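Letters are used for the chains, namely A, B, C and D, taken in the order the chains are written, and counting of residues starts over at 1 for each.
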């Protein structure tokens, strides 16, 4: 068997909750796979679908978006806007032939270091199982084993 | 045209004068006076009651207590017939009203509707006679016919609960009070309008029925009512027939005539107490009525 | 009364009640407003609040054998006043149905008997026939002379139909009874299943 | 570029040398060094030196989380003469070495990419300048209950001007209606009145009673508020408060202050200790007003009397029939909202008589009766016949903890005031027996549990655990049907008086006010704090603070604490000479903007308005003082015409792209 495939995952994290949650995972010395590259944004609502599309276009194997839990947004309602945008974006990615399992939205609060660790670990595993992306519009994975939580 | 047909008064039966009439078992037997007085009143008010052909029992509390399927299937059959007839279905019995209206509610999504014949398509409105008459209060010239008569209006449980089928507020309903006021009687404010009289237990647990009905009658007496007016044969039976057996263990004797609201309405419309069978109750209302010059 | 085994809140009875009535006993915060207003509570061995509590604890057997589910008058006072908007009357109804489905002996024999007699008569005639019902009930309950005074007086006042009702649709009614009974058995098997 | 070891925190996992090597090869990177502890003084010094020495115009620090030391390094960079926003941080500690301790290879590779990411971003950093704007050091307090009084006094005592706007004719709020206060039973008026007087005589306080806020414009430090001063028909400047008018006015109406238990005249002060102690004329009941309305309507028939007795008797000629509503426009730097509450209207409870039984009263009505200055002179009497009640039943949670009545929450103070009432009734009349129906007793607070126990142990109140199902009148008695759920039996009590502990709900009109202020309210209409634990008296709108029961049910001590807390926030704000705004705000590219205003719709802070260009086009315009830099607008704009400084589209896209270089 060949060396296990190491996916490249881009994570967009809001500054106030999820980025801090990722910090928390660090200060608590938790451990998760190294595949994720975190880009800090002020609010999950700042995330333009364009960024996600760009990441996939560049060859990302997975994109994770994480923000404050609904109702906890530092800017009151940014994550609601994101949730709506996310709902619209998924079918679009699907249309482009990007497996919807490669794209995940999670709510992680500043105190949920453990949750962040779990999310990253499970998402990495999920993307690893799907396998490498061939090219934009390439073949899709046949099965989508993990249940994706889309609130 | 279409909009007119959807006008709320139309839906409540306010705009039309023909109804399918479901008397219910009791009105054909021990509550005949209710049937008779109801028909007399309606006729005189220009409300046409067409008895539903071949109606059968709604199942009453026994079907409800025994099988949820039967509890919907039995009234469902009558709803089906009423839908074919095409007129709003009116009944004077609160029990029948409750069973029919709840069934109409539930048939929308119950598997039982196939049992009863598919009635979900065009279920006609189910109404209690009180509602029909209430919608015509305006045409009832306020008359002072019953002036001086103090009436405790008793609604019982089934007209006002559960909320989904209720015709009025659960704690302090007004529809019968309004009617009494219109015909000149004085509806008494009292706290037992919607208490339970013991429902279907008079044979199996007469003790409970007497305890509950006794409280109701005591309270009616305490507020000085000349009579209790009811809109249900079961309430009537519990409050009237069992009155003789009350008192004793539950406290003082009580003697309060219990009449149907249609009998009082009938009096105000000019019918005689005998035409209205007011002489057939266990507790004779005639003395109270004649003391007010009404009989 | 045996002490509840905790946690046993997913007893078959609680499960059936939740499913059949659509009411969740866990919502009840035991305020007692239902019992306080229940006309039958003085005659119950467990008030409606206690029934809700027993369901929370999964004390299924106890609830099925209490008399409360039989003396409940279905007056809906409890449901209409519950601050948590629980339809307690519906829960009582579900419990009574479950007791019947399971063949659980009724804690109030006469109430069950009355219902049986009533429905027998309706099945036979398509409508209630008070004279026959009274007679049958008296015979089977072992009180042949009960309510004789009332019956006599009713007859005297011409308020009792002496002949049974004649209904053309009675066959259809009987079919409904049979089908309902079949449906009931099906559910019964599932419940016991 | 500075790579930090953080002792062994980073260096123990990440191969620093390799990171340094990789960084050196990155385009645009001209200088790389590593430090043991970059945040230490020598570490910071090395950054400053390098900036000077190598003419660096941008800096990346690869170290701990930016949430840790971004400020530190910005300062260092600024001290070296660079724009502080020409700095980015690669988080190779919290997001790398600490979470990948068992994968040194992977961690090093990741560190290099994180550095590349930061380089990509920093090379697109623009110089940003925090703006400083002046502020009006003058506060507005809306609501003159104890919360507003406390807040206003504390702000005034810290040296700033305050305007208090109170809707009623007097300040004091609900506390003025309360007789004694739990758990110490000190007299409410005795502790409140001095504060009311202090407020009205404070040199830095302007009291506007009988007034309301009409509109609010502007932002933190610079609010412009319109206030309507309702016509009192009395000139308060000349009125001496002698009282002749309200003693002689012939028109009597029910007093709202006494909750319908007593009467007042058409010209009135709500209660004897009212502040200001000067009357207003209630336009709806005044006979002369009715006379004027009648004549104006041109109706036929008998004219009502002209009256004007007050005018004739007033020694100072203060009655001014010409007085009209006045609109004042004032500037403020901060606003405190303290609009308090009203009690639940129990007519929703048909089972308790829906308000039809005179001897079923509310807790607040009982307070008025017990008050020596109340309608009964401090005697508790049945409203129906004036008799002294001997059996009193309390019903808790009326309009609280009742989803069927649309109120799921607990009102928090009623358990306590019931215990207070039970104690005081016994003190008024030892023959009184109190029964209390409760579901749970909520008595969390210093001395509270002990207080409730005292009501039961020393004052003999009988507590019954159960909710009342029905109350009805039978003769002279009220029957109360409940269950004692502890013994498991229905109980029935014959009461002389029933007291409903009606719950707390927000004041009328609070939603309108919240909308004017751009602050949020919850489904129960309570105002929403910026953070329920850590920012309990702030709102999401900078410069608007909250205090008291308008946020949620609470008692006087908590209310006062919040009043002071809000004042401290205002004082801290006013201790600055100007307000520094975060420069990471949105900016519109007017060449691209189509004026669709989608951005304005999504902005949670209403920071985007419109501007009309010379050619008549209407385009988006960001008010930087209101913008909080969330970036919602930037993500929403279809034509990418609006962007967020510090997190521009270009920067974020470059970060993504950098991962594949």
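Keep this in mind: contacts are C-beta pairs under 8 Å (C-beta built on N, C-alpha and C of every residue); 3 or more make two chains touch, one makes a residue touch a chain.
Note that the structure is a prediction, hence the values are computed from the model and not measured.
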Between the pairs C-D and B-C, the one where more C-beta pairs touch:
B-C
How big is the gap, in whole Å, between where the Cα atoms of chain A centre and where those of chain B centre?
64
Chain C and chain D have mean C-alpha positions lying a whole-number Å distance apart equal to 53
Distance between chain centroids, defined by C-alpha means - chain B, chain C (Å)
23
Report, in whole Å, the distance between the mean C-alpha point of chain A and the mean C-alpha point of chain C.
55
Residues within chain D bordering two or more other chains:
351, 470
So chain B residues touching two or more other chains come to 170
Return the residues of chain C touching two or more other chains; collapse runs of consecutive numbers into ranges.
42, 77
One finds touching chains in the pairs A-D, B-C, B-D, C-D
Would you mind writing out the residues of chain C in touch with chain B in their complex?
20, 39-40, 42-43, 71, 73-77, 79-80, 87, 89, 93, 96-97, 100, 108, 110-111, 113-116, 118-119, 122, 126-130, 134, 137, 141, 146-147, 149-150, 153-154, 157-161, 165, 167-170, 172-173, 176-177, 179-181, 183-184
What residues on chain A touch chain D, complex-wise?
8, 10, 15, 19-20, 22-23, 25-27, 29-34, 37-43, 45-51, 54-55, 58-60, 74-78, 81, 85, 117
List of chain D residues in touch with chain C within their complex
351, 397, 401-405, 439, 465-470, 481-485, 488-491
The answer for chain D against chain A in the complex is residues 65-68, 91, 93-96, 98-103, 106-107, 109-110, 113-114, 117, 520, 540, 584, 602, 604-605, 628-632, 634-636, 644, 646-647, 649, 652-653, 655-657, 659-660
What residues of chain D sit close enough to touch chain B in their complex?
350-351, 353-354, 356, 470, 472-475, 479
